[in-house]
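Two complexes come next, and they have one chain in common, chain A, joined by chain B in the first and chain C in the second.
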Partner chain A sequence: MGTPFALTPARLLLLAALILCGVVAPLLAPAYQSQATQLLLFIVFALAWDLVGGQMGYNSFGNVLFVGLGMYVAAIVQVGLFYDVGLYTEAKGGGTEFVFDVNQFLTGLALGLPAAAVASASVAWLLGSLVLSMRGHYFAICTLGLGIAAGQVAAGIPWIGAGSGMLTPNPPAGLGDVGLLLYYLALGLAVACTLTFAWLLSSRFGLALNAIRDDEDKAEAMGLKTHAAKVTAWVIAAAFLGVAGAIYGNLVRFIDPTETAFAGPTIGVWMILMALLGGKGTLLGPIVGAVVFQITKELFWTYLLGWQRVALGLLIVAVAVFFPSGIVGFVRDRLSGRGGDSEESVPAKEKSA
Partner chain B sequence: MTAMLELVEITKSFDGIRANDKVSLRVEPGSIVGLIGPNGSGKTTLFNAITGVFPIDSGSIRFKGSEISKLLAGEIARAGIIRTFQQPRVYPHMSVAANMLVSSAIRRASFASLFRRAPPEADEKLSELLDFVGLARRRDLLAGELSFGQQKLLELAMALVNDPELLLLDEPTAGINPVLIASLIDRLKAANRERGLTLLVIEHNMPAIMELAEHIYCLAHGRLLADGPPHTIKRDTKVLDAYLGAA
Partner chain C sequence: MIANLLILFEAPALGLQLLIDGILIGAVFALAAYGMALVWGVTNIVNVCQGEFVMLGGFVAVLCIEQGVPPLLAVAIAAAALYALGWGLFQTVIVHLIGRDMFNSVLATFGIAIILQQLMARTLGAADRIAESGLGSWFFFDGLVGVAKVKVLVFAACIALGTALAFFLARSRQGQAIRATAQEPIAAAALGIETRKVYGLTYALNAAICGAAGALASMAYTIHPYSGLSYTIRSFMIVVVAGLGNLAGVIWAALGLGIAESFAGFLFGPQYQIAFVFALLVAVLVFRNWRLKAQRRYLK
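The block that comes next holds the complex of A and B.
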């Protein structure tokens, strides 16, 4: 039986081609490297949101919690391995005092990214039992509150720079183009995320998440371990969000507690928008949505500066009104002709059954 | 012999209305038991009590000798009691095949096994059951696109593929076409005979339940009115009065 997420040879070939494009892209268009890195991270944000929001039907508005947590934890590890974090943030980083050589910088990243994953996953696991027992609007509001609270908490801790934020380590001059390194890290993460989710969604676990989305009480009455499934999905999503946040922090260099790390009104909303734009509950949807969104956003910021947020708002409205099932959902419905000819293929005799 | 299911004086009230009033019944292993009664007599409430949908006020529910009235719905399902609903409940945005696959022996499945590929024999069993309920050709349709009757049949197939020990069916023949009802009854009897599946069935279709059940309990106004083999229940004046409104 072909599931919509199974990696068929054709899909693997397409994926390989995409990865190859990703690998050579910075060589072909170096001017867009930073935007491309951001795009790859956005893909991870959208996919991770969709695992819980689209596939499982738990619409989280607080995923920035895991993004910001990963961002801070990675930065703390990157700095803390070699310097006192408190002194570093007090001195606003940089300077002549806090210098990282190539070795230190790479070691920091190599340990910081996994630490971000572990931290975000652990917090998701701890919160999971509490938060995931809420449903619908209660879950949405609760996660929204968690995201906002996290920003306020971070803004109140002087050790990590409080409200004035924290800098990630200055890349050493000897390292060459650190942007290229971050690009390939983001590419690796996006590919790992896509493959992991493709595997998860082609297993019975993916079906279990869909069953929870469609009728959780029924799933429970059938003996499905709904709680374990929900927490697992939430933890996996959080781990990817944490690493993506860690890379994002190093990309923008300056971590503001509410504008960068726990940025609910921007990244927090964008990741939902990207999933909806592409088509939630599909593997391809969030990826397509992230690409379309990032290109549109950059165009708005370039050509409509001053009105970029208005244009983005209109885009959100347009998506909700004209593409309720997203781009992928729209195309799929058109291709399958669902709701049109499917009834006619059913013999009249059996219809009365 | 320990009963498969034993209810002792189950009482459940909703805002002062006694939906179940000291109801006791026994379901022996390997038997088919019917539960009848006029609308509002407390049959579905009893199912909800057994499957842990809500806590009972007093009484005892024993499944294979152990008390289950304090267990949660999921724990009761995993112990081996699976039910279907009066209004069919399927996963509407998933395909028919996916509905079956996610239900396949799910109550016994370890959490880790969800991440492994399903064994081929599971797929065979699934196809065979879909074939039986006449949904084999609709396996790629979304379950929400099926008619009421088809959803009922799908839900039954989902319950059977889950391999329960005790299956509670809430009006399995409602909305099913008459030709299929006969084969449905045969199928349930076969599952009972060959696999030892124990059944407790709520039914308004009298010919169907008389044909299916070996023993029938009749409820009225939340109380147990009568019980016995089908032929005596059929002639019981209290039962007839309850149905015709004389009680």
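The block that comes next holds the complex of A and C.
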């Protein structure tokens, strides 16, 4: 079989059809616009997690660090360009003094999103050399700690609102539907993320990541610059997570340090669940996982109000224990009788033998 | 922060107070960490829901004491309830994780942690709880240093429990079976030890230890449905510093952590205490990694 991530004409056609669906979707179902925006951001979260977790084998439990960082940095840039951030958070972003006109709002957004990417990527680069040489349990728990520590630190800084959080700028009335703008930004980001990752994973870099996942010591012994590859992947994932976080912050409008920004037990673990549910280590998996997860989550929220988090916890346990190969892996295993052994089905057979 | 540091130099009695408080809470950390080391050593699973077990034990005890149950009995009830929960979780979930990729076990136990904390918050409310002892305090140095009697009792009970556990592992047949399985599961199975039962016993025993630790903690310290994770992180950190199967190390590391937290809480302010715990974890792991790197070895 060919490289699993190469953009064959059939795949490009599928992608084009999906993008077209994405472009017209808000016109067809405007009632679900905010959920759809969230879904697109979830796709980016899951893909970015999977680049490091599924493809490289470094299962981070603290990617929410970059999401929250992007969220705060974008909000600070959006506000700070025109007003004093401290006064703004003190006034809870309200009042009549902190008004953003169309121009200011768009400038803030246009500068805030790249700033989020740069900030998240820089922090990832700084942390990368420290944490990426840990493996297994140590890496998992260390990243979990980083994500939660960040939330606790943010909750202690009065300049960004401390524990009572921060509001993103109020969208001006003259701008029309800001939700639609955020939707298309999220769509653009999700497409950019998918294409970038497809390109990365079909290159030698993708092979290097998989080699690190399969046996890092051997990969290093073969002369692969494993450290550089790990840090690069981590930085790229962080940049996408940062921008997605920035859009997410503007979508929910209110940034709570531990509930929205550095929300380890919600977004932080959901992105892992999405990647795992769809199929770890595949490009399609996280996307499928995010769609299935978002629908499930909305159903839980509608029908199990109050118990939705418990139900999601059960889903996490069930998927981790009984469905670790995910939807894509499951389908591939079913088809493998016809199409020959795929990469994922071989170790599964070895384990059962 | 610097102002607080100066206060500490001017009033050494305050330093003594922080030191004592740190040592007293350290015993609770040691008990939870010992349980984590036990499960980690035997099943190779890092139990992320460790802290939730502690919180749940605390809530069971608080509820019992509110109903008029004597505190010591409440601790026993909490331990028994958590033993049953641990056994049930083992049979339904954990048994499938043994020998599997560590990622699955971390994620699954994290999922259990989320379920437990949400259930606690739903049924008992997300408020700080404490079982009032009404025991009062001892005062030294003209009242400059106060030691709550109940904290000393909790400390003593933790020591007693830890000692009993160490004896159980060292002397009893089941304790031997647990240690044998930890050392060499295949050989242990060949010699007739039912390793699956041993795994279940270990996991349930750990839950019971956490339950008792939480029940004891709830009499002297506040418990909260969402603060379980910090206990998990503390346990993990202590085990990492001490190493698996090093009981003395666990005790020293736990007391050290208690003291460090007590001073950090004073110096940086209580709002940064949890942040300090997590930051210390990262620092500990980075430091160990840096030392191993010199020998081209990695934390794994």
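Here is the rule we go by: the second predicted complex is superposed on the first by the 334 of 353 C-alpha atoms of A that agree within 3 Å, B and C clash if a C-alpha of one lies under 4 Å from a C-alpha of the other, contacts with A are read in each partner's own complex, and residues count from 1 in each chain.
Just so it is clear, contacts are C-beta pairs under 8 Å (C-beta built on N, C-alpha and C of every residue); 3 or more make two chains touch, one makes a residue touch a chain.
The model shown is predicted, which means the values in this text are computed figures rather than measured ones.
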Problem set entry | Partner chain(s) touched by A:L224 [first = chain B, second = chain C, both, neither] | first
For this session: For A:R213, select first, second, both or neither according to whether it touches chain B, chain C, the two together, or no partner.
Result: first
Problem set entry | Greater chain A contact set [chain C / chain B] | C
For this session: Considering only touches as defined above, state whether A:A16 meets chain B (first), chain C (second), both or neither.
Result: neither
For this session: Please work out whether A:L304 is in contact with chain B alone, chain C alone, both, or neither, and reply first, second, both or neither.
Result: neither
For this session: May I ask you to decide whether A:G156 touches chain B, chain C, both, or neither, giving the answer as first, second, both or neither?
Result: second
Exercise. For A:S203, is the partner it touches chain B (first), chain C (second), both, or none of the two (neither)?
Worked result: first
For this session: Using the touch rule from the top, collect the residues of chain A that touch chain B in their complex.
Result: 1, 3, 200, 203-205, 207-208, 210-211, 213-215, 217-229, 232, 281, 342, 346, 350-353
Seminar exercise, completed: Per the touch rule, the chain C residues reaching chain A in their complex are 46, 48, 93, 96-97, 100-104, 106-108, 110-115, 117-119, 122, 229, 233, 236, 240, 269, 271-272, 274-275, 278-279, 281-282, 285-286, 289, 293, 298-300
For this session: Give every residue of chain A touching chain C within the complex, in rising order.
Result: 53, 59, 61, 130-131, 133-142, 144-146, 148-149, 152-153, 155-156, 163, 264-265, 269, 272-273, 276, 306-307, 309-310, 312-317, 320-322, 324
Seminar exercise, completed: Note: in the complex, chain B contacts chain A through residues 51, 53, 73-74, 77-78, 82-83, 85, 89-94, 97-98, 101-103, 106-109, 111, 113-118, 123, 134, 137-139, 141, 145, 147, 149-150, 153, 158-159, 162, 176-177, 180
